[in-house]
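Going in written order, the chains are labelled A, B, C and D, and every chain counts its residues from 1.
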Amino acid sequence: MKDVQNEKDSRNIYLHQVGIRDLKYPVVIRNGEGETYPVTAQVGLFADLEGDQKGTHMSRFVEVLTQHNQMDLKTIRSLLESIRERLEARNSFCRFLFDYYIWKKSPVTGRESYLAVEVEYHGALRDDELDFRMTVRTPVTTLCPCSKEISEYSAHNQRAIVSITLRTDRYIWIEDVCNIAETAASCPVYSLLKRPDEKFVTEFAYDHPKFVEDVARDAKLLIDEREEMEGVQDYVVEVESMESIHNHSAYAKVEGVRV
Amino acid sequence: MKDVQNEKDSRNIYLHQVGIRDLKYPVVIRNGEGETYPVTAQVGLFADLEGDQKGTHMSRFVEVLTQHNQMDLKTIRSLLESIRERLEARNSFCRFLFDYYIWKKSPVTGRESYLAVEVEYHGALRDDELDFRMTVRTPVTTLCPCSKEISEYSAHNQRAIVSITLRTDRYIWIEDVCNIAETAASCPVYSLLKRPDEKFVTEFAYDHPKFVEDVARDAKLLIDEREEMEGVQDYVVEVESMESIHNHSAYAKVEGVRV
Amino acid sequence: MKDVQNEKDSRNIYLHQVGIRDLKYPVVIRNGEGETYPVTAQVGLFADLEGDQKGTHMSRFVEVLTQHNQMDLKTIRSLLESIRERLEARNSFCRFLFDYYIWKKSPVTGRESYLAVEVEYHGALRDDELDFRMTVRTPVTTLCPCSKEISEYSAHNQRAIVSITLRTDRYIWIEDVCNIAETAASCPVYSLLKRPDEKFVTEFAYDHPKFVEDVARDAKLLIDEREEMEGVQDYVVEVESMESIHNHSAYAKVEGVRV
Amino acid sequence: MKDVQNEKDSRNIYLHQVGIRDLKYPVVIRNGEGETYPVTAQVGLFADLEGDQKGTHMSRFVEVLTQHNQMDLKTIRSLLESIRERLEARNSFCRFLFDYYIWKKSPVTGRESYLAVEVEYHGALRDDELDFRMTVRTPVTTLCPCSKEISEYSAHNQRAIVSITLRTDRYIWIEDVCNIAETAASCPVYSLLKRPDEKFVTEFAYDHPKFVEDVARDAKLLIDEREEMEGVQDYVVEVESMESIHNHSAYAKVEGVRV
C-alpha cells in the first residue's frame, strides 16, 4: 500500500509543527510523591517536518500516546522522545489540558470538598533540550480597593482567575501554585461553605482588598520568595476579574525571571 | 440531474425537524418604531419532513434567509411561511441568536456607553399558528442577603445573568425586558462607570441585597404588572449568579402565565 | 447566626427550580456490571422551593453530592431523595455531563484506542416518581447520498454528532447507545487508524451514503428493534453534520416512543 | 474623592499589561476603499503600568473606545495613542475579534450568499512603533491525498480552518487573505450551493487532494508570491482539519518572513 506521506516534496518548505489537536483522551497524572490521578485531557501532539517530506504520519501520535499514559516530568520527556523517534523529527511538542481537583477544608467549620483548577502542560523537545511549562488557573475572589475606599459601606467583589505559567525543570506541586494564587488574592474560593465560613470569607475579602494589579504583583513576589518554587526559571502571572459591576473583565499581566 | 432528496422513502418515519444550524449570518433587527440594527446572528432554520420523502432541500433554507433579512414579528412569520412553502412542509421553525446593544447612561455622572445583551428569537409555525418566543439575557449584579446579614461588614456580590423568555404575539421592546431584569436585581451593570458612579452602584447593591430566588420572584412580579409586558402569554425567568465565593453558580427558575 | 434563607417570604411565589450549576466535580460512574469509572462531571443539582420560603440552602447540595459520588440509576434515586430531604422540597433534579471513553478496535488492523463520547444524565424526582434520561453524543462519519449520486466520482463527507436521549427506568449501556449511532451512520470514527483501516473506512462510508435524515431514521429503527434497548420508554434522536462543503451544519430530529 | 489607583506602590513591580478584556462592543470596520461595516467585536484594551503606581484607570479604556469606533490601520494607531496618553503609559495594546462577511457566488449557478470568516486585529504601540497583526480564519474543505490514493474509490474530506496571521504596516484586504486560504485548500466552502454547484465542489476537492501540510505550504507560497500581500513583513499559517474519520483534528503550522 502506497505511503503518500513518505513521498518527496518539491516545495522544500520546513513546517514548524505538524500533528494532532483536540483529542480527548484519558490520562494519568503523577504527583511529586508518585501518586496517580486519572484525568480527562484535551491533548495536542506535534513534531516538525523537514522540507523534503510530503507529510507526517498522524496515527503514530496516537500510538505513542496510548503507550505513555502516565504524565509527569520524566514521562513527558520520554513521550516527546518517542514522538521524535517515531516521526523521524528533530523537535517534538505536546500539550495537555485537564481539570485537577484540590481537596480543601472550609476556613471555619472545616467542611471538606473538591475545588477544580485548570492545568495545562506544555512540553517541547528541541535538540535534546526539554522545555517544560505548566499553567495552573486558580479561581479566587477579588475585592476592589477603590470601591471600598470611596463607598460609605461595602465594596464590589467577584470571581477572578489567576493563571500562573511556570517554566521549570523540576517537579512543582499544583497545590503549591494554587496556594500562591489564593494567598495573592483577596480570598480563596471553596465549593462548600457553611454560614460561619461565609461570614469569614466575606469579612476576609473586605480586609484584603486587591486590584488585579495587586494580585499579579503579590503572586510575583510569592513565586520569587517561596522555597517550593525553587526550580522555576521564568514565569507569567495573569489575573482576570469577572467584574461584578461590568459585563467585562479587568486584567493584569506580569512576566518574571526567578533567580 | 437526479434529485435524491425527492425520492420515496420506504421507512415511513416522520421527522419533526430537518434543516440547518450554526449558520453565522448578517441579519437586520427591526425595533418597535421600525428602526433597524445590523447584527451578526447564529441562525437555525428547520421544517418537518413527511415519512415518505427521503430528504429535505437544505440549500433552500439559505435562499429563503437571504431574501428575508429584516427580523421582526411580521417578517419572522413571512420567513416561516416561505420556508414551509419552499420545503413543502407542514411546520417550520427558526432560531436567531445575537448580541444587541443598549445605550446606557451611568447613574451619577451620566457617561454613555453600550451594554451588550444576548437575545434569542424562537419562531415556530404549526398549522398556520405562529408561536414566537423571545429570550433576553441581561447581565446584572446580585449581592447576597445572607452574607450581608451574618457579616460584620461587606457582603459577597457578583455578576449574574437574568434570562427572561417571553411567549408573545405582540412586539415587546428588548429594552423593556432588560429593564425588568435590572430592576429585579441588586444593581444594573454598565460598561463605563466613573468613581462617583462606582460609589453609587457599590452602595446601591448593598442597599438591595438579593438572592437568585429574589431576583426570579421580583422579575416575575414585574412581568405580571408592567404595562409594557402586555401581550406576553407565558414566560420563564432564570437567574444564574456566578458566585464570587465559589467556582460554581447559584440558579433559580420560575415559570408563569400572564393574565 | 441568623438563617436568612429560612425567613418567611410574603411574595408567595413558588420556584420550580433552585440550586447550583456549573460545578466541576469528580464523580464515579458505575456500569451495568458494577464496574466503576472515575470521570470529571459538570454538575447541576436543584430542588423546588415553596412560595413562603425566602431561600434554599445552597451548601447542602454540595454536601449531598460529596456523600453520593457513585452514579448509576439506583444512586441517582438516592441522591435525589437526599436532596429532597435535606432541602425540604417536593421535587429534586440533577444533571451530570461528562466524557466517557469507549475502548475500540480499528476495523482491519485491530489497533486499540479510546474514543470519547459525551454523556449527560438528567434525573428528576417528582412526588416519588423518578424520571431518568440519558443522552449519549457519539461522533460518526456521514457521507452525502446526493453528492455521491450527482458527481462523477467521490462524495462530500464529514464528522457528525448523533445525540440519542433515552428515558428509561432500566440500566442501559452507554456502549449499546454508541453502537446504534455508529450503525445508523455512514461509518464509525476512531482515534487510531492505520492505512488499511483508513482504506476500509473511506470505502465503507462511500458504500453507506446517509443524509442526516437517514441517520435519524435508522437510529430510530434500531432503538425500536434492538433487545438492548428494552426498558426505553421514549426517546429523541438528533443528528448534526458539520458539513465539509459549508460552514454550517445539517440537522435532523426525530422523537419516538418505544413499545 | 480619593484616587486609590494613583497612590504610590512600594512593591515597585512593573506590569507588562493592565486593562480590560472580553468587552463586547459595536465597532465599525473600514476597508481599503473607505467603506464601513458595522460588526460586533470582542475587545481587549491594555497599557503597561510603571512599578510605582498602584493601579490603572480602567474606565478610561472604555471612554477611549467610545471615541474611536472606526477601525482601520490609521485609527488603530490613533486609538493606541489615546490609550497611552489617557493612561500615562509607555506602551498600549488592543485586540479586536469579530466575524466578517464575504459575499460569494457559488461556482456554477452563481447563487450569492454570505460566508462568515473570523478576523482578529492585534495592535501594539511600543515607544511610538506600531506593531499591527491581522489574523483571518477561513473555513475551507480538505480532502485527504492518502485516503484517495489507497482507496478503490472516494476519499475522506472535511471542513478545515486556515488561520493566517500577517504582520503588516499597510492595509491588506481581508478578502485577499481568504482567497489565499481558499486557493491553498482542496476547495472553498459556501453558504449556498445548488446541485450543479455541489457536483462541482465534490469533484473539485477530489481533483485537489491536500494534507494540512500541503495547505500550509501552498498558503505560504501564495503569501510570498502574491502582489496583494505586499507590505506583509512576517506571518504564520495554521491549518486545522476537523477530520471526518476521527474525533480530533489534524494540524500544521508554518512561519515565514516575506522579502
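Basically, a contact is a pair of C-beta atoms (placed from the backbone, for glycine too) under 8 Å apart; a residue touches a chain by one contact, two chains touch by 3 or more.
Because the structure is predicted, anything quoted here is derived from the model rather than measured.
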Open item on the list: Starting at subunit B, how many touching-chain steps does it take at least to reach subunit D?
Closed with: 1
TODO: Compare the CA centroid of subunit B with every other chain's and tell me the farthest one.
DONE: A
Task: Same vs different contact residues, subunit C with subunit D, by half of numbers used - done: same
Open item on the list: Need the CA-centroid distance for the pair subunit C / subunit D, whole Å please.
Closed with: 35
- [ ] Go ahead and note the Å separation of the Cα centroids belonging to subunit A and subunit C.
- [x] 29
- [ ] Please compute the C-alpha centroid of subunit B, do the same for subunit C, then give the distance between them in whole Å.
- [x] 25
Task: Multi-chain contact sites of subunit C, meaning residues that touch two or more partners - done: 1, 23-24, 116, 146, 150, 191, 193, 195, 199, 246-248
TODO: Would you tell me which residues of subunit D are touching subunit C in their complex?
DONE: 115-116, 139, 141, 143-144, 146-147, 150-159, 187, 189-191, 193, 195, 198-199, 201-203, 205-206, 242-248
TODO: In the complex, go through subunit A and note every residue touching subunit D.
DONE: 1-2, 4-5, 9, 11, 13-24, 44, 46, 49, 54-56, 58, 145-146, 149-150, 211-214, 216-218, 220-221, 240, 247-255
TODO: Using the touch definition up top, name the residues of subunit A that touch subunit C in the complex.
DONE: 1, 3, 23-26, 38-40, 59, 62-63, 66, 99, 101, 111-114, 116, 191-196, 199
